[in-house]
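Below, chain A partners chain B and then partners chain C, in two separate complexes.
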Partner chain A sequence: MARYAMVTDLRKCVACHACTVACSAEWSVPAGHARTHVRTTPLAGSFPDLKSSPHVGQCNQCDRPPCVEPCLSGATYQDAAGIVRVDGDLCIGCGFCVDACPYEARFISPLSRKVDKCDFCRPRIERGEEPACVTTCTAHAKYFGDLEDRSGEVHRMVFHEGGRRMETKTVAVGPNVFYLGRPEHLDLVLTSFPPRPPRLLTAGKALQKLAWPLVVGAVGVSLLGQAVAFFNQLHKGEDDFEE
Partner chain B sequence: MRSSVVPLVPMPLSPEQAEEMLQRRIKKHHVAIILLHWFNATTWILELSTGAALISSRLFKVAPDWYIAMFNGLFGTRANLLQFHIALGMTWIIVFLPYGLFGFRTYLRGEMLNLTDRDDVRWLIVRTLRILGKTDEPLPPQGIYNAGQKAFSMVVWLMTPVVMVTGAIMAFRLVSPVLVGWAVVLHFFSVGMIVAGLVVHVYMGAVFPEEKPAFFSMITGTVNELFAYNHHFKWWREMKLAEQAWERKRRPKDEAVIADVPPGSQDTSSEPPG
Partner chain C sequence: MNSPCDRSARPFGRSRDQYENQTLLAPTGINAKQLLNCGAVSFPGKPYLEDRSPDERSFGTASGKIELYSQELADHHADPMPRYTAPSLPPKGFLRLIYGRAPVHSFARSQNNEALSALMNENEVWLHTSSALATGVKDGERVVLENGDGVRSSPVRVRVTEGIRNDCAYMVHGFGQQSKALRRAHGRGASDNSLMSRVSVDPLTGGTGMRVNFVRPVRA
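Take a look at the complex of A and B:
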C-alpha cells in the first residue's frame, strides 16, 4: 500500500494562493473557509539582514493523527494509505476534532455543518490524477507522491534533500507534508506558525471528566444494588408472592 | 372486601376476604398507555444498543470493541447505524409529542413524587431496607404509583425532553457546532440517568417477586384487588369510595344498603382525610 506524502518547496513558493483557489473550486469549499492556508511569516532579523518566508499549511495526514481519537462516532479515520479521511455520513459536526488538530487544518463547513479538510484530493488520486493544488501551483513548488516509491521525486526530496516536517519537541505527530527550504527559513516558519498541542474541547472534557464518570457510576451503583437484591431474593426464596 | 366501611389505614384481612379480593380485578392502565409503554420499551432497547455502538471514540466509549464491531457488521456501515438511530429517534419523538403536550396534565399528576409526603419518603427508605433484608417493617400506604415508580417517573419526565432536544440538535446539526458539542454531553448524561433508573425499573418489574402483578398489569391493564390493597392502599381506598358513591347514587335511598353499618360511621369514613 502506498504511503502518500506531499512536499512543498518554500524556495519556489510565491504565496500566490493559486493552490487555495484551485482547491476551493475543486471541492466547492464555502467562502470564508479554505482547506489550504497560504501565509507569510513576519519579517525577522534587523536591516539589512531581513528574512521572511511564505508557508502553505494544510492537513498533514499525520502518522499519529490527534483528530481521530476524540471523534465520537468514528467519522474521522486513517485509511490504509495513511490519509486521514472524514466519513461525511457519520459526522455529526460536534467540532471535537477541530480543536484537536495542531495545524488548524479542520473547519466546520457552514453549508453541510460537518467537518471539512484536505484529504490530498483522495478522489482525484483514485482517478490517477494529482491533487488540485499540485497541478495548479504556478511555481511548481508542490509535489505529491508515494513515500515508499524509492524512485519517486517525493521520496528523493524527503530522504535525500532534507524535506522537513513541521513538528516541535512537544508536538510531534508525524505530519506527512514536508517542506524544503533554507534551514533558517524553515526555522522561521516553525517559530511563526508552530503546531499547538492537541486539545480537547470544553464539551469534550465535560463528557470525559464529568458526564462519563457520573453515568457509569450511577448505572454501576444501580446494577450493584440490583445484584445485592437479586441474591437476597434467591436466598430468601419466592414465598411472599400473591398471584 | 364487601364491608361498606372503607378503612383509613390497611387492616388485616381474613383469609376469605383476601381470597375474594384476589379474584376481583381492578383496571389500572388504559390500553393506550400499555401500547405506549411497550413501544417506548422497544424503542429504548434499540436506541440504547445502537447508541452504545455509535460511540467508538476511545475517550468516551461505553461498549467493548467486539460489540461495536458486531453492530457495524449488522448494519453494514456505521453511517447506516447512525441513520437507523436517528430515524427511530425521530419516530419516537413524533409518537411521544402528543402524549407530552396533551397527556402530561392527566398522567403527571399521579406520577409526581411528593417529598413532603411522609409516606412517600418512608416508602423509599423501607423499600430499600426490605430489599436488602434489613427490616420487616410494612411498607407505608401508596397511591396508584408507589414512591419508587414516581421517583423513576420524575427522572424520565425531566430527562426525556433533554434526550429529544439534544438528539434533534445532533441529528440536524442545529444552531452551531459548539451547541452540537454540548448536545453530545447532555444526550449522554440524560440517557445515562434514565438508564440508571431503568435498571431498577426492569428489575422491580420483571424479576422482583412482590411486584409481579404490577408487571402483568402492563400487559392486561388490570391488577387484582388484593395487590391494590396491599401495595397501593391509598389508590384502592379512592377507588372504593368512588365505587360506594356510585352505588349510593344508583340505588334508591330507602333500600337498606348500609344497614350493617352503625349510623353516622358511613358518612365520616367516606370523607377523604383532611
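Take a look at the complex of A and C:
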C-alpha cells in the first residue's frame, strides 16, 4: 500500500498563489476559503540584511491526525494510504475537527455546510494524475509521491535531502507534507506559523455542552411523566385494593 | 473614432481587408478569412535557445553573440559599452517612485479576474521604516501620493517595511484602474503610471527610464 506525501521546495516557491487558484478551480472551493494557502513570513532583520520565506500550507495528512478523534459522526477518517478524508454523507458540519487541526487546514464550506479540506486530490490520484497544485506550480516547487517508493523523488527528498516536517516539541503529529529550504528559512516559517496545539479540550467541552441539554431534557421528561401519573392518580382517587 | 468592428474603417489609409491581410497577417502566411474560419492558429515557435540546433543559436549582431562591447556602436562614435550615468536625486521630502510586479498578477491586465482579485485586490505603497517616521505616516494608513509636478494619485494603503531603501517608494504596477467596467478592480489602490509625468529616454537606443519620478505621501 502506498504512503502518500508531498514535498514543497520553499527555495523555489515564488508565492504566486497558482496552487491556491488551481485547487479552488478543481474543487469549486467557495471564495474566501482555500484548501491550500500561501503566506509569506514577516521580514526578519533590518535593511539590507533581511530574511523572509514563503510558506505553502494545506492538510498535512498527519500520521496521527488530531482531527479524527473529535469527529462526532465518524465522517473524518484516515484511509489505507494515509490520506485523511471526510465522508460528506456523514459530516454534520459541527466544526470540532476545524478546531482540532493544528495547521488551519479545514473549514466549513458555506455552500455544503460540511467540512472541506485537501485530500491530496484523491480522485485525481485514482485517475493516475498528480494533485492540481503540483501540476500547476509555476516554479515546479511541489512534488507528490509515495514515501514507500524508494526510487521516487519524494522518498529521496524526504530521506536524503533533509525534507522537514513542520513540527514543534509540543505539536508533533507526523505531518506528511515536507519542506525543503535553507534551515534558517524553515526555522523562520516554523516560528512565524507554528502549528497550533489541537483544541481537543474545546471539542470535548463542546460535546458536553451538546450532551447536557439532552440529559436535562431526559430527566425533565421523566419527572414530568411521574408528575402526570401522580396527579392523574390524585384526580381519580385510589382504587380499593382488593385482596 | 472608428470602432474596432467598423468594417469601413481605413487604418493607415488602407482598406480593412488590405490592412489585415497585407500588413498584419502577411508574415504568418494565412489570411483573415482562414483565421475567422478556424478561430485560432498556433505556430510552432522556438522561443528557447534549447529549441534550436547549435548552428541556429545566434543573434543578429556582428559576432552572433550578445555583445557587451559593440563595435557597431563604436563605428557610429557612440559609447561601445554602456556607461553609467548617475540618476538625478530626489528633492528634499520626496522619494523615488519605483514599481514592480506581484507574482499574483500579470501587468495591468489581471486585476479584474475573479480568482486573482480575491487574492490581491489592491496595491500598497511601500515606505521604509525611517521614511515613514520622517513623514509621519503609519502602517496601514491610506495616503495620496503627489509627484514633483503636483500630480496626485488615488488613495493607497501604506506598508511600512524594512524591505526597501529609505529614499524610495515602491508600488505594484497595474492597480488604480479607472474603468468602471472593471467592477472588481475599479478604484482599488493607486496607479503608478498616473504619477509618471516624466520619462527619460536614452538618446542612443530609445529605451525609456520611468523610475525618474519623485513622490511624497500626503494624508488623504
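The rule we apply is simple: the second predicted complex is superposed on the first by the 201 of 243 C-alpha atoms of A that agree within 3 Å, B and C clash if a C-alpha of one lies under 4 Å from a C-alpha of the other, contacts with A are read in each partner's own complex, and residues count from 1 in each chain.
In this text, contacts are C-beta pairs under 8 Å (C-beta built on N, C-alpha and C of every residue); 3 or more make two chains touch, one makes a residue touch a chain.
These figures come from a predicted structure and were not determined experimentally.
After overlaying the two complexes on the shared chain, residue contacts for A:Asn232 are found with chain B alone; chain C is out of touch. Of the two partner chains placed around the shared chain by superposition, chain B is the only one that A:Phe96 touches, whereas chain C remains out of contact.
Of the two partner chains placed by the overlay, neither chain B nor chain C lies in contact with A:Leu111. With both structures placed on the common chain, the touch criterion links A:Ala218 to chain B but leaves chain C unconnected. By the touch criterion defined above, A:Leu43 reaches chain C but does not reach chain B. More residues of chain A are touched by B (comparison of chain B with chain C). Note: no residue of chain A belongs to the chain B contact set and to the chain C contact set alike, using the contact criterion stated above.
Put simply, chain A touches chain B in their complex at residues 69-74, 87, 89-90, 92-96, 98, 108, 113-114, 200-201, 203-204, 206-208, 210-212, 214-216, 218-219, 221-223, 225-226, 228-230, 232-233, 235-236, 238, 240-243.
Residue ranges of chain C in contact with chain A, taken from their complex: 103-104, 114-116, 118-119, 128, 161-166. The touching residues of chain B, when paired with chain A in their complex, are 22, 54-60, 62, 77-79, 82-83, 131-133, 170-171, 173, 177-178, 180-185, 188-189, 191-193, 195-197, 199-200, 203, 207-210, 212-213, 216, 224, 226-227, 230. By the touch criterion stated above, chain A contacts chain C in their complex at residues 14-17, 20-21, 24-25, 31-32, 43, 45-47, 50, 52.
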